[in-house]
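Some structures are shown below for you to check.
In the two complexes below, subunit A is the common chain; its partner is subunit B in one and subunit C in the other.
For the complex of A and B:
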């Protein structure tokens, strides 16, 4: 029941929020829903056994037996940290937008809640049918989020996002169908259960079929992640989305989740695992470097942050392809850390844009004098993002690079080159936007309000906390990565 | 022979005659009663059909069969007729011709039901014509509205032509095999396959039924007719009459002409791809919602046609389930449009295009129930999960992949992706564009019909097990070559 509640509360409250009349009611409703989810998640967390990679809190009801569809939920050490991330940031996001004045607040908060329910649903689903339903459900609220409250190019950005990721999901669906029918043929009974199908994958006779299924699923996940060369929807969607929308995109960790949960257990059983590792490693390394260069070239602060997100997501694929427990758990931790860091980054962009009316880095300057609270939080976050030891970003990236070096030296060397550039664009942007002489033409800029300080401050403290003491989430990630690597070792990969 | 086998049809005939007779003696302002009477009759027939699921027998000298297939399709037709008749209570209000309107619809439904039961090509043809002729008159029901008349005229001319082609095809088959019984023709499969006339018959029958199903390139009449005819009649045509074409084609091709399977499978593969692509692409640029729904209905027929190509029990089950889902979704969408048209016309009688998409602006505030139902219908049509449309597509498309027609499934999936754009456009107009009018009270009969359809769409979406089971049973009847 616990997981069902976590998934359904946001969805039910989304409907209730839609029925509210005023901004006050809508935001209160959204806060109640997200805080309830947070409390339930904390309860789940403290009852979770992080020493085992087995699925916990399972719920199973048969749904459409003739097609092998069931309502099957469960979590493990891969999904729980991501659920925790989502549950923590969501109420803070509601607080962050507490005093915003915008059209149709009831729809706005309703869409936020639908997104939350859908994302949590993906993390909890253990049936491919359910997984796909939630996966597709994430698309619709985000599309409307960008196309209604977005920036000047919102229509272009939302359509591009929609087409890109919808096509990718359809390819993924083909992969799911392939797996479903191939397993149906071997076992004689239809089933869409994720654990069952993952276990049956190795018994598919044709190597080409196995490779095609793997690639179709991989395509669906890496477009969502995204990874070079399928990233071009990201800067547009992230930049044009309203601040809350950008944060929702950041919390949309379903692409990376799919890689750990579904791709890695399948990887050793593909016909050509080395080719798959090469593809993932190369795409990851190129994303890291290419994303960093693109970020360096941006004039718009938000666009820079969006490209830096691409660069950071490269670590997820690279670490997954590294195939040692250090790199895999590092990549999982990168997802968690990135969610926290990027939430603040996008909130900062939103605040700056609101206060000064521009996000062009060259037009800003000396904001730290007028916005001291924002400046403190931003400096901490930028340092975390560029990988300063003691903050979450360092732990994730160091583990990925150190772990991947065992198997993928060449790609790690490419990624290492990006570190300098990453530091450069972060520091350069910070220096130009926040420090130096205050530009008087920006007018009378005021600092972030109490709610925003609270929201961003709590996340910043978490970045520091998990940077110094990552084990509350890293332990369960390590357990699961060791389990996955154990599978691989059995196959001699 | 047990007459009770045809209790649903007999109930419908009795209801039709009762409506006609009682209507003669009622003053105009109390003719509303007829709508209730017709709806009750249809509900009774629906109940009788549902309880008879599972019967498997032949009747009337083997010319009619009662089996899972026939009963399943009868349920589809009766559901559509029920939605139609409930919504029509408001539409026909104040008209002097209520009884004609209902009688025509009821007889059309009886025709469709008999097509579903037909086990003989002559019965099939006569029933087909009963349904067609009744709907010709219905399409032209607004006799002062030139658009409605044009729609009826076009529908009548093309419908007669297609009837003639079909009859032509049937005579050829009779010439080769010496029988009009569907299983009898199947038994003489070798003779048909050996004779060049077999191919000619297939071509004529595909053309004849293709008109009814509105498969491209035989679809030209459909957008004009659906747009011009009264919206509720369009619901009956798109959701009911089209399914009649499909069940007839199922019987004629899969049962009777199974010997020529290779030939017609290729034809249907090509037609399915052309139809779904053309329907979806043409729907993208429509500004009349009825016309958009007409093209979308084309696309949906294209998906269902895939069942002919794949021809596995699961694919046929998927196609048949799709027919039921489409009945709910499409009838619902047309009824929602009818409610909007009703509202627009009651505000200003001389509005030129009452179904123009601009009239849907801000509908979420003006008519909340209608707008929400319409959203559910169009999302279901697009195949958004947890709706009837998704379940049907899931079964149909996945069976296509299972049977090795991955290319066809890919085309269909891409088409579904395209279709989402024009469906989402309607939703955007309803919820996200500023409204010009004020909130209006929604006509109750329309609302009831919409709620019933929404329940249907969601029931199949959330609890598909019994529906899939019976659709598969119906599919098995076809593959077993009838009874």
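For the complex of A and C:
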């Protein structure tokens, strides 16, 4: 019941929120829902056994037996940290928007809750039918989020995001069908159970079929992640989205989840695992460097952060392709860390844009003098984002780089080259926007309000806490990574 | 309870002081300066007691470790090397904090200053006390962060914000190399264990790494046609980090700019909490360098080159703090040289290099704080506007002259009479001589002697221009507050006597670091792996070799006196933009133009980043093109929607027939 509650509470409250009349009611409803999810998740976390890679809190009800569809939920060390991330940031996001004035607050908060329910659904689903339904359900609220409350290019950005990732999802669906029908053929019974289909993959006779299924699934995941060269929806969607929408994008994390949960267990059984490793490693490494260069070239602070996000997501595929337990768990940790860091980054962009009316870095200047609280939080987050030790980003990046170097030396060298560039664009932006002489034409700028300080401050503290003590989430990631690597041992990968 | 059990408090207390000062300092008098002062004083007492204990029994190395995550750990290691560093850093940092209560008393953001300097100290102490390379790297990066925050302390000043960024980015280039070194090391060790690391083994711990040196030295990979020894690669990457942090050529460019922060911060950076980290890193991993072919040679030659290169620029700077900054770069070059000649003298290299590091810390902190005292009183850095300051600030002048004599290395060979720098710098120069005599070539010795001459000239130029002669402008001024002159006097006493008092014990004590119960390294064995030929003990150098460093030191003093004191040579002709050598030096070999303006701004920023943007627009265009084509196709297909049922029926029949044919064919083929 626990997982069902975690998934359904946001969806039910989304409907209730839609019925509210005022801003006060809508935000209160959203807060109640997200706090409930957080409490349930904390309870789950403390009752979770992080020493085993087995599925826990499983729920199973047969649904459409003739097609092998069931209502099947369960979590493991791959999904729980992401659920935790989502559950933690969501109530803070509601608080962050507490005093915002915007049109149709009921719809706004309702869409936030639908996104939360859909994303949590993807993390909990153990049936491909449920998985795909939740996967596609994430698209809809995000589309409206951008197209209703977005920036000047909101229509272009929202349609581009929708079509691009939807096409990728369809390719992924073909992959699921391939897996489903092939397994039906070998076992004689239909089933959409994820663990069952993953286990049946190796019995598919044709190597080409296995590779095609793998590539189709991979395509769906890496477009969502995204990685170079399938990233061009990202800068537009992230930038045009309202601040809350950008944070929702950051918390999406379903692409990376698919890579760990679905791609890695299949990888050793593909006909050409080395080719797949090369694809994932190369795309990851190139994304890291490419995203960093593009971030350096941006004039708009939010666009810079969007490309920075692309650069950071490269570590996810690189670490996954590294196939050493340290690199794989580092890549999982990168998802967790990235969610925290980028949430503050986008919140900062939103605050600055609202306070000054611009996001163009060169038009800003000396904001630290007027916004000292924001400045402290931003410096800490920028440092985390550029990989400063003691903060979460470093744990992830070091684990990925050190672990991946065992098998993928060349790609790690590419990623290392990006580190200085990464430091450069972060510091450049800080220096121009926050330090130096205050530009009087920005008007009378006020610091972040109490709710915003609370929201951003709590996330900042978590970045510091998990940066010093990653074990509470990293241990379960390690357990699962070791399990995955264990499956591969002896497969010649 | 032995005092060693409290060793973990050494970095922890200043770290706590950071938190307390940051949140409470605003409400306390003097920005809460008392919190870091008490914390660092306590750390100092613990460090000193541990050091004294180790002096009694160098075998009693303190090592405590806890698991961090995966096969990585956090821990502390206090051996002789760490102990002397801890004691020096806590002591110098303590004096600088006391001095700062006077120096920073007018600043409204005092609490932030004391919080950040406290964190700076904590990071450096954590770096020194690390028992594994990863924690050392983490602290190393935190040191970089603190320097960024403190150089940019007056962030409203664009020059300060820019210098902070430059310092962080330049050292970051070195940091990435250091990180790459750790990554290579990690994967090599991982492979040596065949991927399964036993429970309880922390693979990045120093004793673990050192125990694998022979295996690491046996690994090599072909890179671009060269067979690269892994140990050489790893140590050179580590050294890359040291180049950045310790301001060696070509990553020294950040250090002279770093004076945009308060002068006390410069004193911290130059003496205690930052630039020594690179030297310490090489010393800490010395057994690896010893066993790595060619690495020590790179360290030695780059150090010697930096020593003379920086000294030439020190000759022409008019800003007091810049002269001192180049002096630091040059002296760090000596320390690197001292480590590099370990190729001839073995583990003793660590002793002499660290001896110079400690002595340098005292006299360089002294010189910076004296400069700060002058700047605080007269309000300018520019020596051309000063002159005769000794009359108004006698204590500052006297202490600074002691610092200068220590830097120039004045003393009497074969006795225990001399300023502190004399004992350690001479030891390094003698080691360079020994290296030459041992068949290593004489270039290192020649460079180190030449740099000693230049050192003496530039530092006495500073003394004569600032303190003697007639005032060149009408600056006001007065002797500094007692909170500033007391630290100056203490440091001056140390610059005067520390070398003489400790020279007997220091080298043997520190050189014992690598032969104790924690790690028991066979240095000659390692040297054999590295292909270095250690000198069997050399006996006595010729008298001239002992005297030469002192002779050039005194000669430098006299030259500076003749030119800047008596003014027998008219410098106006030489000091002109028409003199190409002066121009080259004054423009600092055009490094700023080449490295900053050309390489970073033009090539990386404008070139590559904008090329990237063009490519990205290309990708976006492709995506939009696919969209457009789909739309157009849709438009075209719409024409087919005629609404005539017969047409639809025909299309359906054709389609189904084609499908049936297709399926049949496919089935046949399969």
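Just so we're on the same page, the second predicted complex is superposed on the first by the 492 of 493 C-alpha atoms of A that agree within 3 Å, B and C clash if a C-alpha of one lies under 4 Å from a C-alpha of the other, contacts with A are read in each partner's own complex, and residues count from 1 in each chain.
As a convention for this text, a residue touches a chain if its C-beta (ideal position, glycine included) is under 8 Å from a C-beta of that chain, and two chains touch if they have at least 3 such contacts.
Only a predicted model underlies this, so the values are computations on that prediction, with no experimental measurement involved.
Q: Who does A:461 touch here: subunit B (first), subunit C (second), both, or neither?
A: A:461 contacts neither subunit B nor subunit C.
Q: Could you tell me if A:54 is touching subunit B, subunit C, both of them or neither one (first, second, both, neither)?
A: neither
Q: Quick check for you: in the superposed arrangement, does A:174 touch first (subunit B), second (subunit C), both or neither?
A: Only subunit B; A:174 stays clear of subunit C.
Q: Specify the partner with more touching residues on subunit A, choosing between subunit B and subunit C.
A: Partner with more touched residues of subunit A: C.
Q: According to the stated criteria, A:39 is in contact with first (subunit B), second (subunit C), both, or neither; which is it?
A: neither
Q: Could you tell me if A:137 is touching subunit B, subunit C, both of them or neither one (first, second, both, neither)?
A: After superposition on chain A, A:137 lies in contact with subunit B alone.
Q: For A:65, select first, second, both or neither according to whether it touches subunit B, subunit C, the two together, or no partner.
A: first
Q: Between subunit B (first) and subunit C (second), which, if any, makes contact with A:208: first, second, both or neither?
A: neither
Q: Which holds for A:15: it touches subunit B only (first), subunit C only (second), both, or neither?
A: So A:15 meets neither subunit B nor subunit C here.
Q: Of the partners subunit B and subunit C, which touch A:5 in the superposed model: first, second, both, neither?
A: Neither partner.
Q: Let me check the overlay on chain A: which residues of subunit A are in contact with subunit B and also with subunit C?
A: Touching subunit B and subunit C on subunit A: residues 163.
Q: State the interface residues of subunit B toward subunit A in the complex, per the touch definition above.
A: 384-386, 394-395, 397-398, 401-402, 406, 409-410, 413-414, 416-417, 420, 431-432, 464-465, 468-469, 472
Q: Using the touch definition up top, name the residues of subunit A that touch subunit C in the complex.
A: 160, 163-164, 229, 231-233, 290, 293-294, 296-297, 324-326, 329, 366, 368-369, 379, 383, 388-390, 394-395, 398-399, 401-402, 405-406, 409, 412-413, 416-417, 419-421, 423-424, 427-428, 430-431, 434-438, 470-471, 474-475, 478
Q: Residue numbers of subunit A touching subunit B in their complex, please.
A: 63-67, 107, 129, 132-133, 136-137, 140, 144, 148, 163, 166-167, 170, 173-174, 177-178, 180-181, 184
Q: Under the touch definition given earlier, write down the residues of subunit C that touch subunit A in their complex.
A: Listed in rising order, the residues of subunit C that touch subunit A are 68-71, 134, 137-139, 141-142, 145, 148-149, 152, 155-158, 161-162, 164-165, 168-169, 172-173, 175-176, 179-180, 182-184, 186-187, 190-191, 195, 600, 604-605, 608-610, 612-613, 616, 619-620, 623, 627.
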